[in-house]
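Each of the two complexes below includes chain A, the first together with chain B, the second together with chain C.
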Partner chain A sequence: MNIAVCVKHIPDPNLPGELDGQRLKREGVQGTLDPGDEFGVETALQLKQAHEGEVTLVSMGPPQALEGIRRGLSMGADKGVLVSDDSLQGADALITARVLAAAIKRTDFDLVIAGVESTDGYTGTMPSTLAELLGVPQLTFTNAIEATGDALKVHRQTVDGYQVVECSLPALITVTAGVNEPRYASFKGIMAAKKKPVEELSVADLGLSADDVKVAQNIVDISQAEERKAGEVIEDDGSGAAKIADYLKEAKVI
Partner chain B sequence: MAKIWVFAEVNNGKVDTAALEILTKARELGGEVEAVALGPGSTDAAKELGQYGATTVYASDDEVYADYVAQPAAHALHELVKEHAPELILFATNYDSRDIAGRLSARTGSTLMSNCFDILGTDKARTTIFGGATVVDVALEGTPKIALVRPKSFEPEASGGEANVMPVEVDIPDDLKKAKRVERHEEQASGPKLEEAPIVISGGRGLQDASNFELLDQLAGAIGNAAVGATRAVVDAGWVPYAYQIGQTGTTVKPGVYIAFGISGATQHIVGMKGAKTIIAVNKDEDAPIFQIADLGIVGDALKILPQLIEEIKTRKG
Partner chain C sequence: MDLDLSQEQRDFVRVMRGFVDDAIRPNAERWDEEHALPMDAVKQMAELGLFGLPFPEEYGGSGADFLTLCLAIEEIAKVDSSLAITLEAAVGLGAMPVYRFGTDEQRAKWLPPLATGDALAGFGLTEPGGGSDAGATRTTARLEDGEWLVNGSKSFITNSGTDITSFVTVTALTGSEDDRKEISAIIVPTGTEGFDVGKGYRKMGWWHSDTHELSFNDCRVPQGNLLGERGQGFKNFLKILDDGRIAIAALAVGLAQGCVDESIRYAQERSAFGRAIGSFQGLQFKIADMAMKTELARQAYYRAAWLKEKNRPYKKEAAMAKLYASEIAVDVARDAVQVHGGYGYIEEFPVCRHFRDSKILEIGEGTSEVMRILIARELGLPEA
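Moving on to the complex of A and B:
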């Protein structure tokens, strides 16, 4: 089973975000592989173990996104593809999907894996747009995956529980953080990752036109949200519970 | 007049409340407001959609839309879009809607904006970034535009209209019947639904163990009319089912009172609950970000305070 995993290199989510004009600041910002993507890489590695094949990491981003790919390679993926192009700055979910679709179509894939949503942009629609462009079905929000050689059976999370969804390959799945426990990269893995092949491509290499990557949404205004003010913060000296009860009474809850 | 469409999810014969919220907003934008509902129960649902402002409802009761994930619905929507040319298509940021909207975007070549909490016109919408700290207005180009709106962004208000029902008769090709739902394990919890409860009690990692969620259930029982929620961290850890999750992914709540136990206040969580009228938080760490938005913050051990509070409320209620 050959698997393409979409990975994204993002500004470290533990650091406060910054804007650079109308875009999320990425230059000179400490970056990391999106923590949500580690679950996708782990899923791919487990499927490869059971069904053989090759795991390819596919990413779109500035040149430093190579670090994210290296991280996935050090976990055990086989190779990477990075699409980097100045014309992709500010790309929306549709453009991202077009680029990833073009890159993935060059590989011989049976399955595409992505996170449910990115941790920095959290649009949450890129994978289904990608599935449509690839002409494959999608199994989204999965937290349990069973695969045979040519079909999948997954648990798809919903608001009130889950659905069991089946489909044949090729297909695309999105994985939630509940699906597995991503492995740590070993020292050996980190060393090996440096030698694994990563193909770097431009928009033109993919055969996409300027129109295909033309941004159709622009920030026109930025303002600070009205902030909720902090109220009273007190140390619990044994009267904390009574204090909460008083508050609930005041709010006419009890 | 610009045509604005609202995609309405209908589950078990019930219209998703978020669709009614969005219809209410769409009416205000002053266009021609229409709705699309696909799957069993949709024709019956048209009446309610009409009451909230849809002048026409394109409806199909075909099981194919419930049986297969996203592809049939995206195909039917695309056919309808080609025929009726809406300017803007609004979806709720829900599971099935996200899947369908993403596919439609690929087909129509439409730019898509997610997580909107306000629609400013047929070509402009508003969202927040950085956990809600910064508001951004985004202009959208092309036709149709697609926007996904967070549930609870608007108060639903009926206008008392009546919709003209147009049956959707689109043939779904067999090669779009691939991802098949074969089982459903979906149960609604007893008590009020999380997104509708006037009081929400929720827990995070600070509760230390899955078994301690029992204390939240007891407190909810003692207060009455309360629902229990959780953070993504504890849902991912498998302590409680996904249905409990409040936040960016998960449910958005706007209760009268929100009580957070052992929740630090990651932005992913805050986005889903900061609309609460009153926020009470209990956390050991005095620097926890949740205290920055809480009306009452107690620096202390949630596991110590919870039993005391349950007793206190039982006593006061007599």
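Moving on to the complex of A and C:
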């Protein structure tokens, strides 16, 4: 089974983000492979162990996005594709999907894996758009994946449990954080990654036109996210348990 | 001049930080209270390939350089000195003598399980009557019917009593010539009749590292277990200790850096007289000094490791790095406890454990006094 995994190199989410105009500053800041994408890479590596095939990491970003690909390669992926082009600066989720679709179509894929959403932009719309552009079924929010020959059986996480869904391949899945425990790259893996092929492509290499990558989205305004509110303290006057139960019901946890 | 780590080393350090944060930091205090080497953690370290870092891939290793091993030791020591010394001793003292002085046959037999971390080995030099004093060696090995008959005892031997310990290499008197004692190194496998492992020591620090006193009573091992040339045992072990000193310096730097990090965090969180204590110049000066000493010690061990990698003389630099790093580690740990005030004296705060763990660094693998003697000799001063 050949698997393409979408990976994104993002500003380190553990450091305070900086703004560049109305966009997140990406140049000259400490970057990292999106932690959400490590689950996708691990999923692909586990499927590969069971079903053979190749794992290709596909990324769009500035040249330093190579670091994110290298991280995935050192975990054990086989090769990488990086689409890097000045014209892609400020690309929105739609353009990203278009570019990744064009890059993935060039590979012989049975399955595409993406995280549910990126840990920087958080739009969460890219994977679904990508599946549409590739013309393959999409199974989102999966947290257990089983492949059987040319079909896939997954658990889709829902608010109150999970659905068991099957589909044929090729397909696209998004994996939730916690679907597995991503492996650590060993030093041997890091050294091996140096020798693995990474294809670097421009927009023109993909056969896309300037219009295809023209940003249609317009950011009107940005503002600081609301501070997380302090927790609610319930004084136990004998009705504490009931109050907590009510709260959990309201949150639809029980 | 290039003072940068390689891209691969930097990537590896990032992986190590993630591993230490996830797998070690949350458990270090509990493991220490349990006073036992956590074999689950050893297994996780093995899966990461740490025990085989400097050995070639044909023996199950990673083919990394010596500095990369030191970087791993430093990262672990920031949080957990017991596990850091477990790794340092396993690779530097347990496996390295076999790799450096073993025959192809010995390497093929003993090295692969050590490199993969499926087994651990000990290094038995120190005896109840002495360590760096070769002449004080009392353990004997006599050839008898094609076997070595080993008798004697060894002290403070790390990784010698775990469930996966496969052997201990011991130095023993194998004869004497013209009043010169002939000391050789011999591999004694775990389970050999007459090889007894004493119960773990009650130590000031390194509570969850595995350290035992060993005794050998008419232990018979095959003649082929002689490691390196007959009569070269002590000399070869001293070479092993030169490398070990760089690794101990890395461990000391890790401990000191852990103390600096904890102190910065605490000084920002804790307030007194209406302001963060980190805003008081008295504390700022203290923490600035702690960070400076740590950084200088790091440069010292980087350089010693670099000299070794370049096949240039590094004995003096290794001794200086070990001496300086271990002494500043004790200073920095003591100052970190001071920064923490009363909380620094209780086990819930890591600096308390770091302080207990620091003192041994001035003693193990050659005391500070022995380091100064070595440096003086390298400077050309006459032997006593």
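Everything below uses one rule, namely that the second predicted complex is superposed on the first by the 219 of 254 C-alpha atoms of A that agree within 3 Å, B and C clash if a C-alpha of one lies under 4 Å from a C-alpha of the other, contacts with A are read in each partner's own complex, and residues count from 1 in each chain.
Just so it is clear, contacts are C-beta pairs under 8 Å (C-beta built on N, C-alpha and C of every residue); 3 or more make two chains touch, one makes a residue touch a chain.
Please read these numbers as outputs of a predicted model, since none were measured by experiment.
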* Which touches a greater number of chain A residues, chain B or chain C? -> B
* First, second, both or neither for A:188, with chain B first and chain C second -> second
* Is A:132 contacted by the first partner chain B, the second partner chain C, both or neither? -> first
* Asked: Where does A:210 make contact in the superposed view: on chain B (first), on chain C (second), on both, or on neither?
  -> neither
* Considering only touches as defined above, state whether A:71 meets chain B (first), chain C (second), both or neither. => second
* Overlap of chain C and chain B interfaces on chain A (superposed complexes) -> none
* To do: In the complex, go through chain A and note every residue touching chain C.
  => 70-71, 74, 184-188, 190-191, 194
* Asked: If you look only at chain B, which of its residues touch chain A in the complex?
  -> 69-71, 74, 93-95, 98-103, 105-107, 109-115, 124, 128-130, 132-142, 148, 178-188, 198-199, 223, 232, 235-236, 238, 241-243, 248-249, 251, 256-257, 259, 274, 277-280, 282, 286, 291-301, 304-305, 308-309, 311-313, 316-317
* Structure fact -> Per the touch rule above, chain C residues touching chain A in the complex are 8, 11-12, 15, 18-19, 47-49, 53, 57, 62-64, 68
* Can you list the chain A residues touching chain B in their complex? -> 16-17, 19, 24, 92-94, 97, 116-117, 122-133, 136-141, 143, 153, 156-168, 171, 176-178, 215-225, 227-228, 230-236, 240-245, 247-249, 251, 253-254
